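Everything on this sheet refers to the single structure shown next.
Order of writing sets the chain letters: A, B and C. Residues in each chain are counted from 1.
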Amino acid sequence: MMQYWPLMLKSAGTTLWLSWLAMLLGALGGTALALLRQIRFAPLRWVVIGYMEFFRSIPILIVLFFAFYGVPLLLEVDISPFVAATLALALHASATMSEVVSAGIASVGRGQWEAAAAAGFSWPQTMRHIIAPQALRVILPPSVGVFITTLKESSLASIIGYIELTRTGLLVRDSTGGGFLPLLALGAVYFVINYAISQVGAALERRLHIGRRSDLVGAMA
Amino acid sequence: MTEILALDGLVKRFGSRTILDGISLNVSAGEIVCFVGPSGTGKSTLLRCINGLEDIQGGRISFEGQAVQGNPSAIRAVRKRVGMIFQHFNLYPHLTALQNVMLAPVVVHKEAKAEVEARARALFDKVRLAHRINAYPAEMSGGEQQRVAIARALCTNPHLLMFDEPTSALDPETVGDVLTVMRDLALEGRTMLVVTHEIRFAADVGTRMVFMDQCRIVEQGDPRAMVAGAQTERARKFLGTIHG
Amino acid sequence: MGYSFTLRTIYPYFGDLWQSALNTLSLSLLAIVLSIALGALVALMRRSALRPVRLLGAAYVEVMRNTPLLVILYLVYFAAPEAGVRLSSFMAALVGLTLNSAGYMAEILRAGLIAVPPGQFEAAQSQGMSSAQVLRHVVFPQVFRTIYAPLGNQVIAVILASSLATAVALDEVASWMQTVGSSSFRFFETFVVAAVVYLVLCQSVNIARILIGRKLFPQGRRA
């Protein structure tokens, strides 16, 4: 078992890289969706809300299956497990992040918009200089929770054969002749990474002096 | 006069801090005992020890001739016969005013619902809230909530009523309504223990005033006489500053 | 780009879909009920007077919230036989899902308990209620009010998470999509069908939650 630790740690890096990339894309997509929701045009808002509700009402696993098996048939392109996993995780994260970002923007009072308008700021200027810095305080802590969820969800990439942390754990189990110790070690690696990240999140929350928003964070995966 | 409550050398400590330091007191049926004194001298804690919301570290409590301290079933028996009114009302927010009043008689005393409801409705007349019977606590003013809390305490036909600073959390304009109800109860001859900062109420309605300071009873006696001129310097000073 | 959407090819598999959807539903329902019970136990542990019990409760929650469900499922599925317990796919999925969900349920219930002010316990005790009566008539209704919304979210989370049971070889909706898709090469169609099943399940929970909530908690009834 001991000789496999370097392998496990290396694949933990793969998992972190995959989750980070998906989170980044998800955060960008989620922010774009949240900004679209700001526009006072009802059909557009319905589309955004529909997108969010859709991805919050279907399991990420079937999105992953579709991205890996379905999209190549549909578009006649080859999609690697890595691309499929990144795509599925990012789509899912973007739906959650758009909710988080919307809540952040909503947390900034109307008075700020009015003050900025009175001072002659344009909409993009107001967003960039007045609203975003204040909203970020509210957005950051739950984003850490979304990242943890994404990291846990990234384990599903093992089902379509991408060799990340979970798949490596299963391979180690096979090559050491079974036993549940490799799986226990696998769980421990995930726990240590996520627990460390959650502590960073908690510290961030304390720094920013805001109440817990764990209701947005508590997604199972 | 039959003795209802006897406290003998009551001691209450929180960790190393002493809250009550040897309190002895006998209360007879029909007495209205008002506890006054500076904040943090253990008046509220004293009431909470009597119905077992706080445990005690020394002394004896007996209620209607039965020893109470350290005996869970005796404590429950006391609680069934003692009504308590809290500073912050503590009404049950998920129940209407009427349901608040009816809960304990039905659940604890196993009385028939129809009987309890008839009695409860009469109590709402008494506390002048017949029109608020179906309101939820969140929809009522503090004064209204406290009167519901009084009706709730009365509905179990208690032998003793304990008021823990009943008007301290109220807006000034609703204090009068609550005190009026308490006056009515006094006129009925109820036995009452009242922790209060309303010295005038204590002087008008109380049959005995107990002045507490630094965890002890410093002086007790006729309320009017004490307000006019207490024996001890401390009581005189306190009653003087509050009253003037 | 010659792909045309047609459900006809996968009609023959709709019988299996029914069975798979039933598996998804029964697995989710059982896991929800059991994880509420286990979660309540853990939430009470976290309020215990004994420090080791409190710590154990907290550790349970942290482990479950920070470990992927998939890894927990594999542990249950592969480890149980080595401990001498042979679990069917359904049982392994149920155990894993329940253990994981209980970590979240415990937090939801704990937040509900914290939201009941101490004065409520005191008022109920001072009226002579037994501990059971206090819980039943005063504490539980108030906890229920607080946890109602997050509980609904968790129910949906469990339904979605039940899809991972496919990894321990249970035939549920996600595995239906995968197997039927790969034997008919109609992945787009099977995806749409599976998505509709999950959407219907989750949105039914959502709508039921809103309607029941309106009935149970009219205005003014809030603390």
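To be clear about the criterion, a contact is a pair of C-beta atoms (placed from the backbone, for glycine too) under 8 Å apart; a residue touches a chain by one contact, two chains touch by 3 or more.
This structure is a prediction, so every number in the text was calculated from the model and none was measured.
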Is the chain-to-chain touch network here best called a line, a ring, a star, complete, or other?
line
What chain is the most remote from subunit C, judged by the mean position of CA atoms in each chain?
B
Most central chain, Cα average position:
C
Could you put a whole-Å number on the gap between the CA centroids of subunit B and subunit C?
46
For subunit A paired with subunit C, centre-to-centre distance based on mean C-alpha positions, whole Å
21
What is the distance in Å between the mean C-alpha positions of subunit A and subunit B?
56
If you look at subunit A, which of its residues touch at least two other chains?
none
Along subunit B, where are the residues that touch subunit C in the complex?
51-53, 76-77, 79-80, 82, 84, 86, 88, 90-95, 103-104, 107-108, 135-136, 138-139, 152, 156
Along subunit C, where are the residues that touch subunit B in the complex?
117, 119-120, 122-130, 133, 137-138, 141-142, 145, 220-223
As the complex stands, subunit A meets subunit C at residues 53-54, 56-62, 65-66, 69-70, 73-76, 148, 152-153, 155-156, 158-159, 166, 169-170, 173, 178-180, 183-184, 186-187, 190-191, 194-195, 198, 214-215, 218-221
Note: in the complex, subunit C contacts subunit A through residues 1, 3, 62-63, 65-72, 74-75, 78-79, 82, 100-101, 104, 107-108, 149-150, 153-154, 156-158, 160-164, 166-167, 173-174, 177-178, 181-182, 185, 187-188, 191, 194-195, 198-199, 202-203, 206
